[in-house]
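Below you'll find a set of structures to go through.
Each of the next two complexes has chain A plus one more chain, namely chain B in the first and chain C in the second.
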Partner chain A sequence: MKPFRTALALTLLMTTTALADTKTIATGDLGLVIERAKGSVILIDQSDRAALARIEGLGDLSHASIVYSPDERYAYVFGRDGGLTKVDIVERKIANRVVQGGNSIGGAISDDGKLVAVSNYEPGGVKIFDADTLELVADLPTGSKTIGLVDAPGRKFVFTMWDTGETWIADMSAVKSGGEAEITKIPDMGEYPYDALVTANGRTYITGLFGEDGLTALDLWADNPEPIRVLPNYGRGQEEMPVYKMPHLEGWAHTGAEFVLPAVGHHEVLWIDANSLEETARTKTYGQPVFAMARPDGRQVWVNFAHPLNDTIQVIDSVSKEIVHEFKPGPAVLHMEFTPRGNEIWVSVRDENKVKIYDTHTFELLREIEADSPSGIFFTARAHRTGL
Partner chain B sequence: MASTLPLLSLLPALAIAGWAAFSPSTALADGMPVGEGLDTEELKRLVHQDCGSCHGLTLKGGLGPDIRPETLTHYEPDILETVILDGIPDTPMPPWRPLITQEEAQWIALYLLNGDAQ
Partner chain C sequence: MKPFRTALALTLLMTTTALADTKTIATGDLGLVIERAKGSVILIDQSDRAALARIEGLGDLSHASIVYSPDERYAYVFGRDGGLTKVDIVERKIANRVVQGGNSIGGAISDDGKLVAVSNYEPGGVKIFDADTLELVADLPTGSKTIGLVDAPGRKFVFTMWDTGETWIADMSAVKSGGEAEITKIPDMGEYPYDALVTANGRTYITGLFGEDGLTALDLWADNPEPIRVLPNYGRGQEEMPVYKMPHLEGWAHTGAEFVLPAVGHHEVLWIDANSLEETARTKTYGQPVFAMARPDGRQVWVNFAHPLNDTIQVIDSVSKEIVHEFKPGPAVLHMEFTPRGNEIWVSVRDENKVKIYDTHTFELLREIEADSPSGIFFTARAHRTGL
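And then the complex of A and B:
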């Protein structure tokens, strides 16, 4: 820890000097790692496989997530305590911070980069802020814990209610010219939706259900999107196992023709045809999957697991749908992030206080970076992806 | 809290005995202090990290409800212990019986009710 701090102090000194000389700082290969217990983030550099700086004072970051401004200079960090922090990764400091709710869970940035939305458990709803100033632009109370907030093309945000099983589409396009948010409500999405995703083209919104088998999709290109049931019987006849951690659908896997999704309460991932939304296969896994993430080229799917099997990762080949590699990075693997071309994967190993970097072709461990209880890893390349 | 952690880990039995004295009505089972022989640091980690998946790292709630001492104060420890071991049907609260012992669940119930109670 100490050498890291010294290096950090030096880096900070050098940065300050460099800034005075108006040195250009490119951010395209940078990223942030959440240090969940400490309320800080670490600035990381993909090319150097290094930590550059620690930025502190972001509040409770358990279950925190990040979106980036289109210019990849600013990170919006959504903390569990309702904090929304705008981090300037060029100057390596907090640019602005508001505490907007009591208990929040994720956020999104509009396609034009002008609006940042935050999803709240308590009080339930979504708040939308000016990305520049963090001033409140719209408050959308829902009377329910709100999950699965994503951006969609046309200055829209889509989100779902855990308690009532309703999805709302908030069209913010009129707000620019002083108008109101236009809300479309879609009831009957299913029981206890726990998370959702939108496909990279912004067309299909899929929410995972905890309270019943299967998932529910919406075609956002439809004039009046209707809930489409997906795999309504996938667990039927099998004994369900206790679920100790809800899976995540962010970073879900799209391997070209198919989606891969974690099953709830079962040790398997489900393969779904991207067009028909019919099941095409299942792959048995080591434990209950938390993340099932496709390498950007879609060739591999990397899966991590819920407590108590959360020390292991399995890699599935998306052609054969078989497990081609299994290894134990260490205690409590919480998150994985591919480099944008997929040559490397960065893995946070919370209870070992390390981020580990692997080659995705040879599976070789390339480097370890010290981090305090690391969770989410977010590269700036997310700035250019719908739904991330 | 931070300053007492080393003491707790070095002398778990002593620390638990002191803690039992804090809440004598609930901490005794069969005449034995609850927590004897348990890895209480590991159990605390489980509460904050794994219960925390749903209830929040600080236990103030997430998808699952707030389970801080001030919120749980009107619950009997036995009820909490049963909820921990068997879950609550038709809700996301899972049964932890496959992963922990009854004694551990009892310790967690008291920990949730009393906090660190230093």
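And then the complex of A and C:
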């Protein structure tokens, strides 16, 4: 009888223990950190300032980004190797994975959460997948390296061709009922567009140019959007400064009435009137800015810098346009992500293998989390925003 | 040795079981609908366009609003009877409930999600509770009916006194470390402020006045905020039109460069420059507007109307400022809530006992959900926004 009694006791104990240890959490305050060297992601909890789990096997994440499903359950991770990995943050595992191209540069999710799009350097073009199954829904070859892919309201994707300087708007609304993607092509966006962004309301799409100075904007609300040249002096300029890293355009900060834009090759950020897209001011910075990110309320802009000055962050007040705080989180600050209401910021310090969390009002360091060569940090709250 | 081996096996097994039983529930696309007559709420799923459960026992919900915890798990429901009910949408039950005043008018949650504030008509004042336990953290008597309570960045709450025309800013950041609430009082906001709003970035607080025409704004970014009178002709005006319902100021729509404001007593909405707060245009409407709500991208403004014209919705294009769509969802359209990225809208039709879901691009009716006298609809995505 003894073995039986032991087994029974063991069962009872297990049940009790399991129940007592069962912890239920919701997904509104979760997120993922890219571990670029390991091909893994870490599941993080914003409220508890904690790492919950590591999920491995996502391929080459040396340049990776993430979008989320509307229920904040699934993350779509776009890897450098063309891998599109669907991570289930509830089950804490990979739900599905396809290698959809040879060299991918980013992706987007449609406003209804039903379609995931990926843009490719090799072989070029955009592929659009069913967000549920990752089955191919549309293949849009463009004959060019394709960059600057964003979503826009009305089940649209917008993207731009490096080689031909065209922007395409793909309206996928007819695809719901068995129709085709409807493509609008806009030529003459400029020479060698290398990145693009769309404003948070999905109205203004702006491409950065590698082949010439200036930027090109499109009003996506117009019946026939046409290229609008803005900031003609934006770029490397006559001095041909060495550019260590072209700034990320997705890092454009919107402070309300103005945008803040990292200069190319210069140690400064530019302030741009959000309506006229004309330059209003410049602020000198510590190094060549990579990301200039506005706290969600727009009162502060946090700036990190290109190698070799990438150990530092500066914080600019958006009213005085002056630097109000400067500190060194550590070697290789790669990315920053604000909590959705802006009270805290999470910072990746790659070469210290840490993510550091700061209070944005007191600048106090609140917590450090271990991570292997962390780069991008992405909170699930992104699920509810346009154009990421 | 046998007992030891058993103990080891048991430990391993327990560890595995405990981990496997950690439950995560995706809550990003959920929401609650107020059933005003029954004192209950319905849990809804935006992606499935479905009702999932009814939760009862919330008291008098004849005028109720909701805020959410940052993890999108808990809803704080503010009822007319002074009840503050914490609903666990994961467990689908009431987690806690206190009756904190005699006649409550609304509430807010701090940017870090740790404090919930409620403003009261009777006995007046604001009470602030621990969001976790609902224990009283601070009691702020104001000697007046208290209205227009909102949260602002930096663990602040802002609210206004009907009787004395003062606005108070309560900075709760010191309370974290055992300190007191720090109160800034701003007199001369105007005669009988009846409601207020804060802009989405938390910068501009605006009160509506019952006792005189015009509105009063405060720049919360200023070191010493002072009352700024705006729109001096806003109000009932000389004609003294009968006012069936004072418009909700929280319904102010921000379309990017402009706000849209329901007129008082007149059949029109006003367009206001977001920077100067000066009037730029008016659009004639079907009735006296109650809510004028911008689709999240700002391209459309949806307007509902006061009794007896409350069976109709008009949709205004924010570029042409013309009405582009008009329809009758049914008797007593009380509230509208957009999905966070604006592709759909949910509409409460009280006297038909239905919530109706529409595509905002095609205006197609997508689904109807049964609900008992539905009023407010609140999606969990509100957790990530300021000033609601």
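One rule holds in what follows: the second predicted complex is superposed on the first by the 357 of 388 C-alpha atoms of A that agree within 3 Å, B and C clash if a C-alpha of one lies under 4 Å from a C-alpha of the other, contacts with A are read in each partner's own complex, and residues count from 1 in each chain.
Basically, a residue touches a chain if its C-beta (ideal position, glycine included) is under 8 Å from a C-beta of that chain, and two chains touch if they have at least 3 such contacts.
If you're wondering where the values come from, they're calculated on a predicted model, not measured in any experiment.
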**OP:** Return first, second, both or neither, reflecting whether A:Asp132 touches chain B, chain C, both chains, or no partner chain.
**Re:** neither
Original post:
Which holds for A:Ser173: it touches chain B only (first), chain C only (second), both, or neither?
Top reply: second
Original post:
Between chain B (first) and chain C (second), which, if any, makes contact with A:Asp372: first, second, both or neither?
Top reply: neither
Original post:
Is A:Pro70 in contact with chain B, with chain C, with both, or with neither (first, second, both, neither)?
Top reply: second
**OP:** Check the contacts made with chain A and report whether chain B or chain C touches more of its residues.
**Re:** C
**OP:** Look at A:Asn343 in the shared chain and tell me whether it touches chain B only, chain C only, both, or neither; answer first, second, both or neither.
**Re:** second
**OP:** Check whether A:Asn103 is in contact with chain B, with chain C, with both or with neither, and answer first, second, both or neither.
**Re:** first
**OP:** Would you please give the residues of chain A that touch chain B in one complex and also touch chain C in the other complex?
**Re:** none
Subject >> Residues of chain A touching chain B in the complex >> reply: 36-37, 60, 62-63, 80, 103, 105, 121-122, 145, 147, 162, 192, 194, 210, 242-246, 307-308, 332, 350
Subject >> Parts of chain B lying in touch with chain A, wherever the complex brings them together >> reply: 49-50, 52-54, 56-58, 60-63, 87, 92, 94-96, 98-99
**OP:** Give every residue of chain C touching chain A within the complex, in rising order.
**Re:** 6, 10, 13-14, 17-18, 21-30, 46-47, 68-73, 89-91, 111-113, 153-155, 173, 201-203, 221, 256-257, 274-275, 295-299, 319, 339-344, 361, 380-381, 383-386
